[in-house]
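Both complexes shown next keep subunit A, but they swap its partner, so subunit B is in the first and subunit C is in the second.
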Partner chain A sequence: MSRHRGRGMASINYPIGMNLGGDPSQALVHSNPSGKFTVALSSIDLGQGMKQVTRQICAETLGIPIEDVFVDTADSDTGPHCMGSFASRGTHRAGNAVLAAAREARGVLLEAAAEELEVDPGDLETDGRGTIRVRGAPGKSITVKEAAQAGQFKQGRTIAGRGIFLVPLSPVDPETGEMSPATCYAHAAMVAEVEVDDETGVVTVVRLDSAYELGRALNPRMVEQQLVGGAWMGVSHALYETPEPYYPDPKAGGRDFVEYLMPGPGDIAPHDIAVLERPAPDGPYGGKGPGEMCANPVIPAVANAIFDAVGVRMDTLPITPEKVLRALKAQGGARPQHRAGR
Partner chain B sequence: MLEFRKDYFADERRDDLDVIGKGVQRQDMLGHVTGTTTFFDDHKMAGMGHLKVLRSPHHHARIRHIDVSQAERSPGVRRVIRGADVPRNLNTLLGLIGFGKDDEPSLATTKVRYRGEPIVAVVADSERLAHEALARVRVDYDPLPAVFDVEEALKPGAPTVNDVYPGNAFEYHDRFDHQRVRFGDVEAGFRSADHVLEQRYQMSPIEQAPTETNGSIAAPETNGRFVVYTPTQGLFFSLDTCAKILDVESNALHFVGGTAGGGFGGKVDSLTEPLAILGAMLTGRPVRYVLGREEEMQFGGPRSGERIVIKDGLMRDGRIVARKVTVWFDSGAYTRLTSYGAVKCAAHVPGPYTIPAVHGDFYCVFTNRTPATAMRGFGVTGVDFALECQMDKLAALAGMDPMEFRILNAYRDGDMKAHRREAKNTALVECVQVAAEKARWPIREEFRRASSRTGGGGERARIPPTPKDTSPPKRTAGGSTYTPSVAPPPASSWDRPAASPPATPFQERFAMPPPPPAPMPRPASSQPPAPPPPEPADRREPPPPAAPGPGTTRFSSVFGTRRR
Partner chain C sequence: MKTPVQFRLNDQPVAVFVDGGDNLLTALRDGVGDVTPKFGCGQGACGACTVIVEGEPRLACITLAEACEGARVETLAGLRRGPDLHPLQSAFMEHFAAQCGFCTPGMIMAAKALLDRNPRPSREEVVEAIAGNICRCTGYEPIIEAILAAAASARRY
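Entry: the complex of A and B
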């Protein structure tokens, strides 16, 4: 009786957005009298960071400090339509809508500034710190606040913008399945190292190494949050959880977090992540969306690592100790393969 | 630990942006970590009623009689709500965009189709009083045979789960009981292959398990409107679903949400909003309906169980020349979103690889369990597990390193994908290279030098000749002739002629086979089951022109009235 180590890998891609009835999102951006901006959305922040990622897109596009933008979501009386936060669509679809709205608002802001400075709006640039200046003439400038005040109290302009991003419905061919299901794809490859105890059937994930290609990481800390959390979910899917442990027999399902097994803090493996950025031509600043995909490569990588460690193929999820022991018994014991990456 | 590999694709990217690409602290972070963020359940109001539902103890049963007289007299009860009180007590979520037929009641009236299906709702002054009143509801049931296995459910004589789809399969394109992918000639591919490997995979349902369970608070506003505090993942999707079920204009509802305590796909279905609003309509009070953890776990709509069979043709040099995939999604008793998950899966097959012949059949099957719904990776997570385990087995069969095997077969810019669109902006090769480097997993020089930007297109961009599929266009028996109506037809007309109930005990009929004793390749006995035989002649009349149900034509300010 002993513990066996093994490594397995998997590589995947993931579609961004969905193909159902068209896939639109809208955004409204406007300035208060002091040049502070609000983004109104009906998109949902589930904890994934919808508010912050759209806030950064808006600030970048307007060319103003991040502190001068807040995102208001979601009130159906004030926020324009969004399909919702699912299908990894939030960053890409809502982000593009905010980008369009912020571009329009920036256009008005620069027109207001140009009128005050008596120059052409095309000669203006923003410094990202709250100042609008004439390109090539650093002394000639106006603050965003002064421009917003002049626009609203002197010139009669709404410093505001509207944005919509729509991916039209692509019909699905009944015979061939021909369709345009998504506009871009994120990618990942994962290596899992596991230890399998051939006496108890317990599988421990020892470490994870991964590479994710996400278009552009609009906020690296939030990307890390998704990828680390998602890998945990992948380990949980692979080894622990289901409300129907004897599926398709519906007996004996967990009713709470005591009976429904998930990895605890002591079960979290070190995870080294590399992020690659191949910008999506149609993404906001090239962004795609890391949200959903990050559990997916972990599950098969763990299953393949178990095979490498003890020589049994686990083709049914979750891979519980009971299933591992049954498979080892049927095989007549562990048969380490040690073929992966050596 | 997270590192950036800026050396990859640097020529396709500007790295001089101001705040994009910076790890700026989230605007909601302080609120989250100090416990001051407002969630839906923080909107408690004076005089608020609490709604709870009575759930079916049976997996499948006819309801003979419901007696609520004792419950109505129970202390603190403001209102008992039954199916007849729901203005439009039949709905399907994607009916808003004309996809599928109304098939799910808010409160069951004549039958229950899964254990946990809501039958009666009570609004009372506290959750405890609501539970006490529910304990006084009397329901007489006639238990019916139930089916829990997707392949059993498709066999002739299986109990009909969902009367709207008598063959127990969602109907695609008014014609098929599955979604197809046909690209090239897989049979020719198998004939020319050096190895053919067919394997079977199964994943069990998974609960989204958000910290915050599903729930909502609805309250009367002025002008006949109702405000709804909700953690829904789709604000207008939920609003329009409620407007349809409650038969009100969309501007009668004012939804406030946007901040949810986790979702992962489990908050798309509007599980609580319609009854909370109806409770507020019927009592004139604010009404709170929040699922307990057990309700969330057992009846909240999990990721579906998926059964996947993959058959591949492989050459000695490691190239995959044909891939055939069959997936059965276990939708549970009603459609919810699984019909779409199967389409998303169809678009995903054969995974991020260029394979010249691909054949896929994707079924959305009804069984007597909690309806499944969306979850993170919807339609993809399960099949990725199967595809990547299969890839590992194929690599071993070809005697190749698994990393090198992925790179050899990876899709590249300019390749034609099975859903007949050109691959662009691909990066699988580079991800494999970097993962190998990080894990100190040696791969040979030629694979380290490979690129997603070269080697694609040309012959790989071609749509191959695809033989016409001559198998009969199977449709779910009688499915097209069902016309949903607000008042369901008498129960006796809802069921298929009773087949003799299966006599074998449950475990024998449905238990999964034990793990195979030997590693692959598995003998050919693991063939997927033959498709169910054609329907009896009396079920094969041509269907009338697709008559969209009320749900498919009515909507909406948001989605328009498109019907596919």
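Entry: the complex of A and C
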């Protein structure tokens, strides 16, 4: 009776967005008289950072301070249409819609400023701090606030923009079954190290090491946080939680937090993450986004690590101590796959 | 029949009428209007309703309201002093210790109860203090780091 160490790996190629009848998202951007801008979206922030990322995209595109952008995701009944926050599509689809809307709004903002300054809009630039200047003539400038007020109260302009980003439906080729479900893919590789107790069947994740390629990390701290949290959820899917432990028999499922098991703060493993940034050509500022991918590779990596440790192939989730013990019994005991002394 | 219960909530006297079996969470949320303690599971399993009663962390959903007569009760609503955030709140922000935010009030109150009695806890003591609080999003690591950072900050609170 002993505990066996094992190491397993998994890598994934993950589509951004989905292909079920076309995948659109819309955004509207408008200024108010104080020169601040509102982004109207129906893409819901579940805590993953949708509001922050779209706010950054809008501020960057308009060329104004981020404090001057407010993202309103209050009501999907009255807001511009979005397919939703799922399929790892938020940064890419909603972000691109915001980018398009902010570009259009910026065009009108510069037209309003140009009319006040009596110059060509093409000669104007923003400084990112709330001022619009004539290129090459630093003394000649107008604040975003003044331009927004002139647009509304003098010129009769709506300083606003509409944006839609659509990935059209890709039909399935009837001959080959081919289709193109996504315009870009994110990638990840994960190494999990586990310890398997062959007496109790308990699997402990000892450490995780991962590399994620997710386009440009538009907010690196939030990307890291999502990857850390997502990996925890992956460990939970691999070893702990399920609504139907004896699937397809629906009985015996956990119905509350007492019965539905999840790892707690004492069960987490050290996790080293490398984020590789390869900007996507059609992503907003190159972003693809981590999305669901942050939980997915953990599961096969843990299953492979268990095989490495004791030689059993676990093919149903979660990998509970009971399942591990049954598999070990059927195999006649633990058979570590790696050579000793690694 | 309703029973009056009086206690001190975040240093202010409050009085609410409760039914015999009402728990402290109901009294706070529906009676007083302090909605910072969250209703997660209603059975003491998730920690989202954690408050501090007489210096001890308590799960408000399984604490009888009438049992708090005359007690000192602290909730997240009482942490902020004017415009200044509590060091725990600042640390949670700086360490990205919240995503959806539903567990955050309970996490912060569990952490405050720890730091009030043990200002320089070890990592293991932090983990033990929040072991009854479930977080779905963060993977706990940022929360543990935030609590340790708040404990290490020299600022008095």
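Note that the second predicted complex is superposed on the first by the 331 of 342 C-alpha atoms of A that agree within 3 Å, B and C clash if a C-alpha of one lies under 4 Å from a C-alpha of the other, contacts with A are read in each partner's own complex, and residues count from 1 in each chain.
Keep in mind that, in the parts below, a contact is a pair of C-beta atoms (placed from the backbone, for glycine too) under 8 Å apart; a residue touches a chain by one contact, two chains touch by 3 or more.
Bear in mind the structure is a predicted one, so any value in this text is a computation, not a measurement.
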item: First (subunit B), second (subunit C), both or neither touched by A:144; value: neither
item: Residue contacts with subunit A in the superposition, subunit B compared against subunit C; value: B
item: First, second, both or neither for A:229, with subunit B first and subunit C second; value: second
item: Which of subunit B and subunit C A:268 touches, first, second, both or neither; value: second
item: First, second, both or neither for A:167, with subunit B first and subunit C second; value: neither
item: First, second, both or neither for A:256, with subunit B first and subunit C second; value: both
item: Contacts of A:190 with subunit B and subunit C, given as first, second, both or neither; value: first
item: Footprint overlap on subunit A, where subunit B in one structure and subunit C in the other make contact; value: 46-47, 49, 221-222, 224, 230, 233, 256-257, 262, 271
item: Of all residues in subunit A, those that touch subunit C in their complex; value: 46-49, 221-222, 224-226, 228-233, 256-258, 262, 264-266, 268, 271
item: In the complex, subunit C residues that touch subunit A; value: 40-41, 43, 45-46, 96, 98-101, 127-128, 130-131, 133-144
